[in-house]
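Order as written gives the chain letters A, B, C and D; numbering starts at 1 within each chain.
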Amino acid sequence: MATNDRGILLLQCPDRPGVVASVSGFLYEHGGDIIRADEHRDPDSDTYFMRVEWGLDGFQLPPPDFAREFEPVAREFGMQWRIAKSSDRPGVAIFVSKSGHCLADLLYRHQIGELPCQIKLVIGNHDELRKLTEFYGIRFELVRGTPKGEVEGSLHRLLDESAIDLVVLARYMQILSDVLVGQYAGRMINVHHSFLPAFVGAKPYHRSYERGVKLIGATSHYVTAQLDEGPIIEQDVVRVSHRDSLESIVRKGGDAERAVLTRAVRWHVENRIMVHGNKTVVFS
Amino acid sequence: MATNDRGILLLQCPDRPGVVASVSGFLYEHGGDIIRADEHRDPDSDTYFMRVEWGLDGFQLPPPDFAREFEPVAREFGMQWRIAKSSDRPGVAIFVSKSGHCLADLLYRHQIGELPCQIKLVIGNHDELRKLTEFYGIRFELVRGTPKGEVEGSLHRLLDESAIDLVVLARYMQILSDVLVGQYAGRMINVHHSFLPAFVGAKPYHRSYERGVKLIGATSHYVTAQLDEGPIIEQDVVRVSHRDSLESIVRKGGDAERAVLTRAVRWHVENRIMVHGNKTVVFS
Amino acid sequence: MATNDRGILLLQCPDRPGVVASVSGFLYEHGGDIIRADEHRDPDSDTYFMRVEWGLDGFQLPPPDFAREFEPVAREFGMQWRIAKSSDRPGVAIFVSKSGHCLADLLYRHQIGELPCQIKLVIGNHDELRKLTEFYGIRFELVRGTPKGEVEGSLHRLLDESAIDLVVLARYMQILSDVLVGQYAGRMINVHHSFLPAFVGAKPYHRSYERGVKLIGATSHYVTAQLDEGPIIEQDVVRVSHRDSLESIVRKGGDAERAVLTRAVRWHVENRIMVHGNKTVVFS
Amino acid sequence: MATNDRGILLLQCPDRPGVVASVSGFLYEHGGDIIRADEHRDPDSDTYFMRVEWGLDGFQLPPPDFAREFEPVAREFGMQWRIAKSSDRPGVAIFVSKSGHCLADLLYRHQIGELPCQIKLVIGNHDELRKLTEFYGIRFELVRGTPKGEVEGSLHRLLDESAIDLVVLARYMQILSDVLVGQYAGRMINVHHSFLPAFVGAKPYHRSYERGVKLIGATSHYVTAQLDEGPIIEQDVVRVSHRDSLESIVRKGGDAERAVLTRAVRWHVENRIMVHGNKTVVFS
């Protein structure tokens, strides 16, 4: 039976001749028709990155066999790689506090089918966003208190029991433990309300206002143990002027926040992002 | 002796499995290390587009032999293709009238090495821009009058004797003959001072001002016999408001014009553009 | 008792010396402290536009008396004028069909207090958006059929009984009668999913895709009897490339649509827009 | 004889009722027809800012008399103020090193009349940009060495003898003495090649590249003793991706640099900027 499902292969390896030929040859041999290929060379580290999408209709290697057959190619070039299918719907948990503009955008787009993932859970350290979440038919859990000891335990349990693949911090105003951050390395996305590395840390809008900048920004990035220092996925800016009050800066900045967070989540669940050191390669 | 020169292959063909594997295999066999590959599938026409760059150092097929060896591959897939080298410097002629902002930008960037081409000739139907052109050491020719008969002959002669590969209309306010346009099909770039298809034809800024638009634009495109209807290469916009006079619209629009024209020229001479029907595929 | 309420005066008149002095003098005499003043001169028609905001705390002219006292000033300069208060919450009705992205944005922002109006009613010609509307506690009315005869009557009745000041067409895919449009002249805002005047009329995204444009746009404008020809309030664009399918163009364009429509509604209900001929003056 | 010349009044004072009425009344009394008025209130410091333009044709107060007549109004409200005429052409000196993209843009726009100032002098600490400068008929002076002692003396002498009102640092890669900076307080504009306050200090493009940002920026600001900390006039950004090399970041950033520097110079010489603490009010 025909299907529109696609295989997606992401790989990185030392940059040597023959990678494209080997990978495309491998897929061709097994009946995989390449639908899209993107690649990148990082000249500083001599690393090669590739993302290939191919039709699974007629492809003769079901996922369990793929690894076995692909392994010799991967070994030859020293590849790190992973595969996914375009029909996958990774499980997502969203952490929130009181501000709902990012959450509202994610939930709405999820509902109309713009985000190929399954939002399974919203965790709030306040109860304000329960109603909005539940309207969209998503479970809301209130987990108050500093994420340590018992609270930390609750978070782990919730994420584990829902089989969460991606954690999204949608203006969650609390710092998570290094353990949790470590467990979701490369799978936890935050939005910071400034154009990083400007205004790292607390109250970036206040400091933007005080500095008198003419553009304000927002940044989505993978979370690492270093606050606001993780690999940047996307950034955007909005023009402001002397006329803007702190209040209007917050409002306008919110539009940039939800835009960069939504794009980051989409690219992540579409398997378009590869992390390399502290940078991202985004095949958008 | 080591070189940084690169081969560039551009091709389009019916979309069938195996193109990537064949092309990358072909290059690999002949010692070509792929440095960058971009591809695109047009689902409407089932056409496949590819642009590959590879290192010529160690590549065993000099250009004259490339065609002979590549022909079987090309025939198998029904490819249209061409090759170039990154060290090529195509000959460029720029047509101007009185406005110099696009010309000044092209000449300056050419001089500092940002445009990998050889600007050989500026042809004006007014003499205003002679001094600017000659300052940059470029030949300026005044060719007055409607481009018909004798005038048309002069233009042809000038372009032929300078071996011009690309004609750039940098706010040239005259319509060229279909013969000249046909001769430079896919090799003649114009900038139109509107966001096409809005305000096709004469006086787009006046009409933008009268319509009360809130953004004005500029479009660079390949010239075809149909005025302002050719394949669009690049577009950009600038915000305006009720405060803008026609004069300030002209000034702000000029910034968009030179931006889209310069990008189009760069992409063209870097062999990044493929025309397909009335659209462009730009591997920027 | 102290209040933060502000008076807002909007006026236009033939451009003659002394308007600023007269208006600011008038407000000063009656204890009105000007908080913000914006003005504009249209040189083509020699028309002067002004918007003044002043504190009502201590202002000695309650609205009913304002007209009587201001009339001599207005008459002297031949002004058209109106006043409002920043605490006013005009009644808004939103017309929709099936696409909910603009509606979702308006409802969410309305709920969190970003839009100083009262959304009283959503009228759909399909029932898809009822749930979303009702979640936000707003009345939803299904009015199917061509807006003629009986249907037209229902629309009039609904708008009248809810005392609607502003009608917002949020991707409402039906044409309203000239009578209804006339009744809401300068008080009915539409969003068109193109960068007007490009792609007037039906299926602008399809035509954008076919034309191969590199930017797609959206336009919010007041509705007039001439389809897509009314005074433009706001426009925005999103970059696309040959990679974009019609589907992704629709998605990206949707972001521009909701942005320009939300801004237009905010500016309208904040009394920031003045219509002059077929243009708008927006004191944003 | 009729003239198009305009008077421009810039003022700031504590925010009290009656300023607009007093100023507009004053101008009206003396036959000044207000052509444009902009104002701003800073709520943090309760400061009021105003910029008024009025026609000098028929205005009965020549500049020498203006101060005498206006002084009582100014004293009443505690104003700091200055006047200028739209026909003024302030003297400008541009400091450069080797990069010419900002200089080329300023010189070209100056020549075609887009910048209402008189560029009198270009001072380089290298000789590379002499030819470009002299082509535009502007004097070029080479002043090598650290700006101390003798060198500092040369700079002062050059600026003094040319009666320079505004110093523009167009990618001048040397730090000026506090004395020179102090002498040109509010009259010396620099362009920094980052989105301040990100990447203050040396090599911002290198650091942008290393951090993996997705937008790069440029900032024009008034120079103060604190490096890169002065009042920001304008900022802009350009999108980059993992594909961008340091070289292409430098090229793309250069476009943002010249854009923000040219705008800052235009606004300054058009008397549109007021400095307040470490911020600017720009009536653009």
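For the reader, a short list of remarks on this structure follows.
By our rule, a residue touches a chain if its C-beta (ideal position, glycine included) is under 8 Å from a C-beta of that chain, and two chains touch if they have at least 3 such contacts.
Quick caveat: nothing in here was measured; it's all calculated off a predicted structure.
Taking each chain's centre as the mean of its C-alpha atoms, the one that lies farthest from the centre of chain D is A.
At the chain B-chain D interface, residue numbers used by both copies make up over half of all numbers present, so the two copies contact each other through mostly the same positions. Rotation relating chain A to chain B, from a C-alpha superposition: 180°, rounded in steps of 5. Note: centroid distance chain C to chain D, computed from Cα atoms, is 37 Å.
Once the centre of each chain is set as its mean CA position, chain B and chain C turn out to be 42 Å apart. Shared contact sites, meaning residues of chain C that touch two or more other chains, are absent. Considering their complex, residues 100-101, 104, 108, 112, 114, 135, 251, 255, 259 of chain A touch chain C. Taken in their complex, chain A has these residues touching chain D: 40, 42-43, 195-199, 211-215, 217, 231-237, 241-243, 245, 278-282. If you check the complex, the residues on chain A that touch chain B are 17-21, 24-25, 27-28, 31-39, 41.
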